[in-house]
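In the two complexes that follow, subunit A is the common piece, with subunit B as its partner first and subunit C second.
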Partner chain A sequence: MNLMAEILIQVIIAFLAGSLLLGLHRKVMARVQKRPGPPIVQHLIHSLKFFFKETAIPKTVSKVFYIGIVFILALVWIVGVIAGPVAHDSLLILFGVYAVYKIVEHNSGSSSGSPYGKLSCVRAVLSAATELPLFAAIVFVYLVTGTMNIGQIITYQSVHGPLIFSIPLAALMFFMLIITKSPYSPFAITKDKALISGFETEHFGFLRGFMLFSESVAWYVMLWVFLTIFFGPLNAVGYLIGMIVITFITGFINATTPILSPNHSVMAQITIGAICFFGTILMIFTGVVA
Partner chain B sequence: MLDYMIYILAFAVGSILGLLYSYKKHGEPYVAVNEFDMPSAAVSIIGWCLAFNAGNVILQAIGFLLGGLIMGERPGYGRKETALGLILAIGLYVLLKLTA
Partner chain C sequence: MDSQKSICILLLVLSTIAILACLVIDFQAWIVYTVAIFGIPLWILSLGLLTMAKPKPEDVEERVKEPFTGY
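On to the complex of A and B.
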């Protein structure tokens, strides 16, 4: 198939599947809290709705930056789709995507001129604590498989079995990133409700539409990468079941856990990351990991 | 991947149509519905059975559209019908796999 067509199809799948999964996430949270919850398709409808809403631009914003940042955000996650599901390219590109996403989160808040956005932007720097365990997880995958290429990691797993069984603590580190990025997460300090919607507070209309589009694509890409590098070669049904199960687990965790204060969030992430990091090193040196 | 895009698109469109239809049909505030709606169950069973077992992209897409139509109904409606449809469709899928 033509590469451009493949990219377009994968982006549409990522957006629709991500939106439906985030809708399911809200539904799970609602059912755990004994509420009926919105329909599963509601997140998708919300995302589409914003593209047709009036776009108001506050006077306090840094205009070029304020508008440009949402396109960069969408572009960053489209690159994520291209590097992951389309090209099965290097994990380092995906790490780069997360790093740029952090910068976008930061700048989106600072460009808005709103105190809520600015506080969220400061917290975005603090929450970079999530990216350290992610980098460590990627390094361990490299140490075990000898490659950063997703295609070759899949091939390795088809011969040696899924990596979740050989480096489970590295998988746990990656899973912590998924929990952090999930909506209403205990670690989501940038979107704490005390900050309204955090760095998204001052983005309205189609600008918010792009942000919701990116959120959905981001959720799909994160789950896809996690399932691919730790659960070996999967078919479409395997991915579907895996994504639904992870969405259920994160929904359950987020529904029952209050949001942590920024310092507790960072300390909890670093502590879990450190335990998993040294645990995996111990496993490698004691020969548990072949 | 084109077929998966068609399926997920059909499911999303079906869910949106189901939501619009059920809000038109049931305008009352939220109530937990315990009655079993036979026509919805029939649509759900046909939909999910087609989606999982038709073996043809167009028929499967129609199946996902019909399945989404009932699954996407407003909260409180279409849950039992969807569960029945999914159980029968998965059962049929396993049966066909075993006998193939």
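On to the complex of A and C.
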């Protein structure tokens, strides 16, 4: 297949699947909280609807930065689609994508001129604590498989079995990142309701729709990477079931867990990360991991 | 026609041509990746800036001056 056609198809799949999964996430949260909740397609409809909503650029913003950061958010997650589902390239590229995503959160808030956005921007620096467990998880995948290449990791798992069984604590660290990025997460300190919509507060109308597009793609890519590097070679049905199950689990966790204060959020992430890190090292040295 | 609209139309046309060219012609992978990484977000951005509704002239000042507090 033509490479551009493959990229376009994967981006459309990522957007549609990501939107529906985020819609499902809201539905699960609502049901757990004994509310009917919005329809599953609501997130998708929202994303498209905002493209036609009235949009004005507030006086307080840095205009080029304000629009450019939304463009960069989409750009980094399209890099994620290319490095992941399309090219099966290096995990380090995806780590870089996530690092830039944190920079986008930071700069989106600072470009807005809104006090809510700026406070969220400061919290984005704190929430970068999630990158440590993510990096540790990637290092453990490398130590076990001997490669950073997603294609070769898939091949390794087809021979030795899924990595979830050999380094479960590294998978838990990665899963914590997924919880962190899920909507209404206990670790979502940048989007705490005390900050209205956090770094997105001043991005409304079409720009919010564009951000929702990127967030849908981001959710799909993160779930895809998690399933691919820990659950081995999967077919389309396997990915679908895996993504739905993870969305259910995160929805349940987020519905039943209050958002933590910034210092507790960072400490909880680092503590869980440290336990998993030393636990995995212990497993490697005691020979549990082959 | 204001400058923002002209730039958006130009960027939309350029990104559409670049994406279509990569669909029709088999360029080297790095060229296709570059076009996809910059072209797809640019296409959505320029399309969105054209499709978004603008505030009425009498409401513009109010919209850009008042701090917005989310949707």
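In the analysis below, the second predicted complex is superposed on the first by the 290 of 290 C-alpha atoms of A that agree within 3 Å, B and C clash if a C-alpha of one lies under 4 Å from a C-alpha of the other, contacts with A are read in each partner's own complex, and residues count from 1 in each chain.
The rule is short, and it goes like this: contacts are C-beta pairs under 8 Å (C-beta built on N, C-alpha and C of every residue); 3 or more make two chains touch, one makes a residue touch a chain.
Bear in mind the structure is a predicted one, so any value in this text is a computation, not a measurement.
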Superposition on subunit A - do subunit B and subunit C clash or fit: fit
First (subunit B), second (subunit C), both or neither touched by A:G96: neither
Subunit A: partner with more touched residues, subunit B or subunit C: C
Touched partner set for A:I9, first subunit B, second subunit C, both or neither: first
Partner chain(s) touched by A:P183 [first = subunit B, second = subunit C, both, neither]: neither
First, second, both or neither for A:P168, with subunit B first and subunit C second: neither
Which superposed partner A:G279 touches (first subunit B, second subunit C, both, neither): neither
From subunit A, separation angle of subunit B and subunit C (C-alpha centres, steps of 10 degrees): 80
Touching partner for A:I67 - first (subunit B), second (subunit C), both, neither: second
After superposition on chain A, the shortest CA separation from subunit B to subunit C (Å): 14
Residues of subunit C defined as touching subunit A within the complex: 19, 22-23, 26, 29, 32-33, 35-38, 40-42, 44-45, 47-49, 51-55, 60, 63-65, 67-71
Residues on subunit A engaged by subunit C in the complex (per definition of touch): 2-5, 7-8, 11, 51-60, 67, 70-71, 74-75, 78-79, 82, 114, 116, 196-197, 200-202, 204-210, 213
Parts of subunit A lying in touch with subunit B, wherever the complex brings them together: 1, 6, 9-10, 12-13, 16-17, 19-20, 36-41, 44-45, 236
Of subunit B, residues touching subunit A in the complex: 1-2, 4-5, 8-9, 11-12, 15-16, 19, 30, 32, 68, 71-76
